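Input: structures, listed below.
Look at the two complexes coming up: chain A is in both, with chain B in one and chain C in the other.
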Partner chain A sequence: MRAFILRLPPLAAAALAFGLGLVYAVVFMEQESDVAVISLVAFAAVAAFAAGRIGLIRRASLAAGTHPGAVAAMGGCMALALIAVFAEDHFPLLMLATVMLYATAALGLNVQFGYTGVVNFAGAAFFGIGAYTSAELIGKSVLPPVLVLPLGGLIAAVIGLVLVFPVVRTRGHYAAVVTIAFSVLFKTFLEVNDTLGGPQGQSVGPVTLPGWSFADGPVVFGVETSFYLNYALAALLVLGLAFVMVRRLERSWIGLALDAVRLDETASACYGIPIRRAKILAFVAGNLIIGVAGALYGSMLGYVAPTSFTFSDSLILVAIVLLGGMGSPWGTILAAAIVVILPEKLQAIQEYRFLLFSVVVMAILLFRPEGLLPRAVRRYLPVPQNEEAA
Partner chain B sequence: MMQTTDAAPAMEAAVPATPGPLLDIEALSKSFGGVRALNDVSFCLGRGEILGLIGPNGSGKTTSFNVLTGLYRPDGGKVLFDGGNITGNAPQAVYRAGIARTFQRSRLCLELSIFDNIMVGNHARLNQGLIFNLFNRKAFRLEVESALEEATALAASFSPFLAERMFAPVGALPMIERRRIEICRALISRPKLLLLDEPSAGMTHEETHQLMDDILAVRDRQGGLSIIIIEHEMGVIERVSDSCVVLNYGEKIAEGSYQDVASDRQVQEAYLGSA
Partner chain C sequence: MDLLGQYLVNGIMLGTIYALVAVGFTLFFGVLDVIKFSHGDVLMVGAFAGFTAALGAAALGFTNPFVQLAASVLFAVSGTALLGAAIAKWLILPLKNAPRLNILLITLMLGTALRESVRLFYPDGSNPKAFPALLPSTAWQFGNFTLRADSALLVIAGIAVIVGLHMLINRTRLGLAIRAVAQDEETARTMGINYTLIVLVTFALGSGIAAVAGVMNGLYYNEVNFGMGLLLGLIGFSAAIIGGLGNLYGAILGGFLFAALQMIGAVALPFASAYKDVFAFAVVIALMGWKPTGLIPERSSERV
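== the complex of A and B ==
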């Protein structure tokens, strides 16, 4: 088996990995009973370990170096296939779209935390700012809803500027405390603010394009699909865009400067890197991405309330980044899938999910600090094929 | 766009912008609480010269680099560099003025590759524009290719081992290679002044002399580079330095050629006293 894998071209290995992942995801999402879900989780753990042992994961990740575009396209196709399989079912589509939007938000957090080392424990607040932007503007203003989505990101980025000074000026604990305070204040602010709906929250209109409302499922080949199909596709688009931009950022001189700032501020300063500017850029860009994801999320749920954007939700975003691997976009997406889907599927752990995630985060930090899919060494350009074995 | 040919910057350096010494330090002082780490220290460095900065442990050598590069603000005194006053400037501004340094305790980004680490030193010459980096990927590609070529050539002049694995993480390399990478990082931006803080710490005698030969070879190629070197191995100082400055308890106690300084009674006492 190992010999077979090692002879497989990396692209074929990647295709195989995505294919197996797709089959697994379909089977997994169809399970109802706790026993079946737990067995499948156990199976996945064993399968992932085996895939690591026979070299499949290594082989497939080579392809991500030599053919980054093709591998990204495979990921997109896998998502499309999943969406197509569940095109008629509300719940799986909602779950898929949620995974993709959480993954998008976690990518934003990755720019801040994973690359630049700027801690942000208010991710859910910026996600919420995006969602409340949708609530206030979609259908209630003259703005076309598709414009509201980027606006949600912009508003999140601008409000984030309030925190720029303390977050950028200091490292570590102080910045953490400031963002935690912001996260808590944000929820309280929503609860007491009646124009934003108070503790009950408010409804959010659907995204509409000329002649196309996301409130109705399109009829495709005579099949009546779920209206969540619209949102799942839009979420895939948003995730794809965020993925491409974050990747480009990482593989650029700017990405290098962000890493240098995280790893050694003193050396960075002595080599001309403007530290504050790098941190501000990362913080603003991250919040922008998080806000856009939140704006689409709000419209998809059709309802926003303060309880959806709490400090605990911010911790979940941080957990996704840590679990996937700091600075590893593929890891972030995988971790988002695990963190979002597992509690939904396992009603038994739903109540204890925060506790469970805390344990998972501690275990990761102790035993596998590089995360599930560790970040690869930066290659600015696709790796030449003849070099792949090295 | 960046310059990657050897000719242009070398010519620039050969024709000084302003006459006079490259670096002129006047009455520099720095205290930490009650410790006077630098007390009224003055010295000059001519263009293209190599100055050995020596003195017993804790005499203020590293502190003088830290003040010079803007990591610490001096309590008093002036730093004039290349015709400008850079006293108290931010480290970033000092770097852009043309001063690059290495650190006594290696400060590389261990999880980044050799190429990445060298490119950190090239910040001023790489296009940092957001649009360029994110959207103009064709032009970016060209810049990466030429930067890689240049960095590989520089690394090769210190160690073919490094040049063969530019994308290996630095953390896995032996100490001596890391030292070389730090020097490449300082040299890649073609500074006018290079500050070396015990570049050979932890190296054998042979390795130290090899390293100095390599640095001198790059210096010949780049043309006009001046160096201040802090070094405990006196053989190295004797061989490479045009002049020496000796510090003791934050004060300059001697200055001149290595021979003069080495035969100075105060210097001998300072070294014996600390031993």
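== the complex of A and C ==
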């Protein structure tokens, strides 16, 4: 088996991995009983271990390095196929869209944490700023709702600029306290502020395009689909854009500079890398991505309340980044799927999710700090097809 | 005047609690150069331990409030001291050579785990608990201004703890060892100081002091709840930072400064008092931008 996998072209290995993942995801989403879900989770753990042993994961990640575009396209096709399978069901589509939006937000955090080493424990707050932007502007202003989505990102980035000064002037721990304070106070602020709806929150209008409201399920080939189909497709689009942007950023000189700043500030300053500019860029770009995801999320749920954007939710976002592997976009998406779907499918652990994921992250940090799918070294040059996995 | 006096007493009270929390952060940062973000939640665990002990003593038939108080403080301090040492041994020391971000993350996650554990597993833990009033309820009247005996006792106790810590650090062999480890790990080891032991003792010490702050907080507000540690820890950390991390007196100064900011926010500002924390933190963030190493910085030079 191992010999067969190692002879497989990397792209074929990646296709195989995505295909297996797709089948597994469809089977998993259809399960209702706790027993079935738990046994499938156990099966996934064993299968992932086996895939690691026979070299499938390594072969597939090799493809992600040599043919990033093709692998990304495969991932997109897999998501489209999943959405198509569940096109008529509300709940699975809602979950898929939530996974994709959380993954998008976590990609934004990844730019800050994983590349630049700028800590941000206010992820859920910036996500919330996007969602509240949707709540305040969709249907209540003259702006077309589609424009509100990028605006949510912009506003998150602009509010983030308030924190930039202390975050950039200080290092590591000090920046942490600034963002934690912001995160804790954001919820307090929302609760005491009556114009934003107070503790009860407020409803959010649906996104509309000319002649197309996201509140109605589109009829495709005569089949009445769920209205969440719109949001799932939009979430996929947002995730795709964020993914491409993050990958381009990583491969550019800017990404190289960001990594240098994380690894050694003094050395990068000596080589003429503008540290402040790098940190500001990462912080603003990350918050922008988080805010756009939040704006779409708010509109999809149709409702925003302060309790959805607490400090614990920020830590969940951080947990996604760490679980997937710092700086690893594919890992982030995988981790987002695990962190979002598992508590939803296993209602027994829903109440315990903050405890569960904090313990999981502690274990990850102690025993496997590189995460589930560790970040690969950059490959600037195409490598020969027959190259053995490093 | 009377209202102002009340705010003043209130501010001194809160400042003492904050200073006790900040001292812990500064101790940990001194010996290991790490930030233990679970400190606030350790404090919360201490407050719950004290609460349980007070109830337990009452259930065992000790009706004297002073016995209950002694049981409460003793149990809270010893419990959290053990917890603090355990955290240092199994979570922080193993990660000593990992990127510093990892220690920050692991302690943050530990804080969440402690908070959630109390919420989920303590009997009816998700609701606030009424902390028994164990201090005498006498009050002295000075004109319009009332001084409550319990506030006075709490402030005196808090200041006694701070002075005791000062003596411990500056006048004893243990304090000498702690200062030596804080200054230079390798030299301290060469001089025959048991490094690991001193680190564990320091973490136990800092956590025990946090438990005192937790019980004080419970006695003062007559309430403990699972979420109290998050904000208190954040305030203690901010206080330690604006004072200058690693400096004991900076932490105390920072604690009182933060309480003063909160009082100013509550009294002098035109907004609702719900914004007093927002105001205090905004000033702290501005202060950090202005003096990133704190008001009384630790003397250091960077080795490259």
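Operating definition for what follows: the second predicted complex is superposed on the first by the 379 of 390 C-alpha atoms of A that agree within 3 Å, B and C clash if a C-alpha of one lies under 4 Å from a C-alpha of the other, contacts with A are read in each partner's own complex, and residues count from 1 in each chain.
One rule holds for everything that comes next: contacts are C-beta pairs under 8 Å (C-beta built on N, C-alpha and C of every residue); 3 or more make two chains touch, one makes a residue touch a chain.
Note that the structure is predicted; figures quoted are calculated from it, not measured.
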**Message:** Both complexes share chain A, so when I overlay them there, do chain B and chain C fit or clash?
**Reply:** fit
**Partner chain in contact with A:Y271 - chain B first, chain C second, else both or neither** = first
**Residue contacts on chain A - larger count, chain B or chain C** = C
**Request:** May I ask you to decide whether A:D259 touches chain B, chain C, both, or neither, giving the answer as first, second, both or neither?
**Result:** first
**Prompt:** Which partner does A:L154 reach: the first (chain B), the second (chain C), both, or neither?
**Reply:** neither
**Prompt:** Between chain B (first) and chain C (second), which does A:C77 come into contact with in this model arrangement: first, second, both, or neither?
**Reply:** neither
**Prompt:** Which holds for A:L322: it touches chain B only (first), chain C only (second), both, or neither?
**Reply:** second
**Request:** Mind working out whether A:M245 is in touch with chain B, chain C, both or neither, as first, second, both or neither?
**Result:** first
**Message:** With both complexes superposed on chain A, which partner does A:V41 reach: first (chain B), second (chain C), both or neither?
**Reply:** neither
**Item:** Nearest-approach distance, in Å, of chain C Cα atoms to those of chain B in the combined model
**Value:** 7
**Message:** On chain A, which stretch or stretches are contacted by chain B in one complex as well as by chain C in the other?
**Reply:** 266
**Item:** Complex interface listing, chain A residues touching chain B
**Value:** 245, 248-249, 252-257, 259-260, 263-264, 266-274, 281, 377-381, 390
**Item:** Complex contact set, residues of chain A against chain C
**Value:** 113, 117, 119, 121, 163, 165-166, 169-174, 176-178, 180-181, 184-185, 188-189, 192, 266, 311-312, 315, 318-319, 322, 351-352, 354-355, 358-359, 361-362, 365-366, 369
**Prompt:** In their complex, what parts of chain C are in touch with chain A?
**Reply:** 35, 37, 91, 94-95, 98, 100-102, 104-106, 108-110, 112-113, 116-117, 120, 230-231, 234, 237-238, 241, 245, 272, 274-275, 277-278, 281, 284-286, 288-289, 292, 302, 304
**Message:** Please output the residues of chain B touching chain A within their complex, sorted ascending.
**Reply:** 69-71, 90-92, 94-96, 100-101, 103, 107-113, 116, 119-121, 123-124, 126-128, 130, 133-134, 137, 140-141, 144-145, 165, 167-169, 185, 189
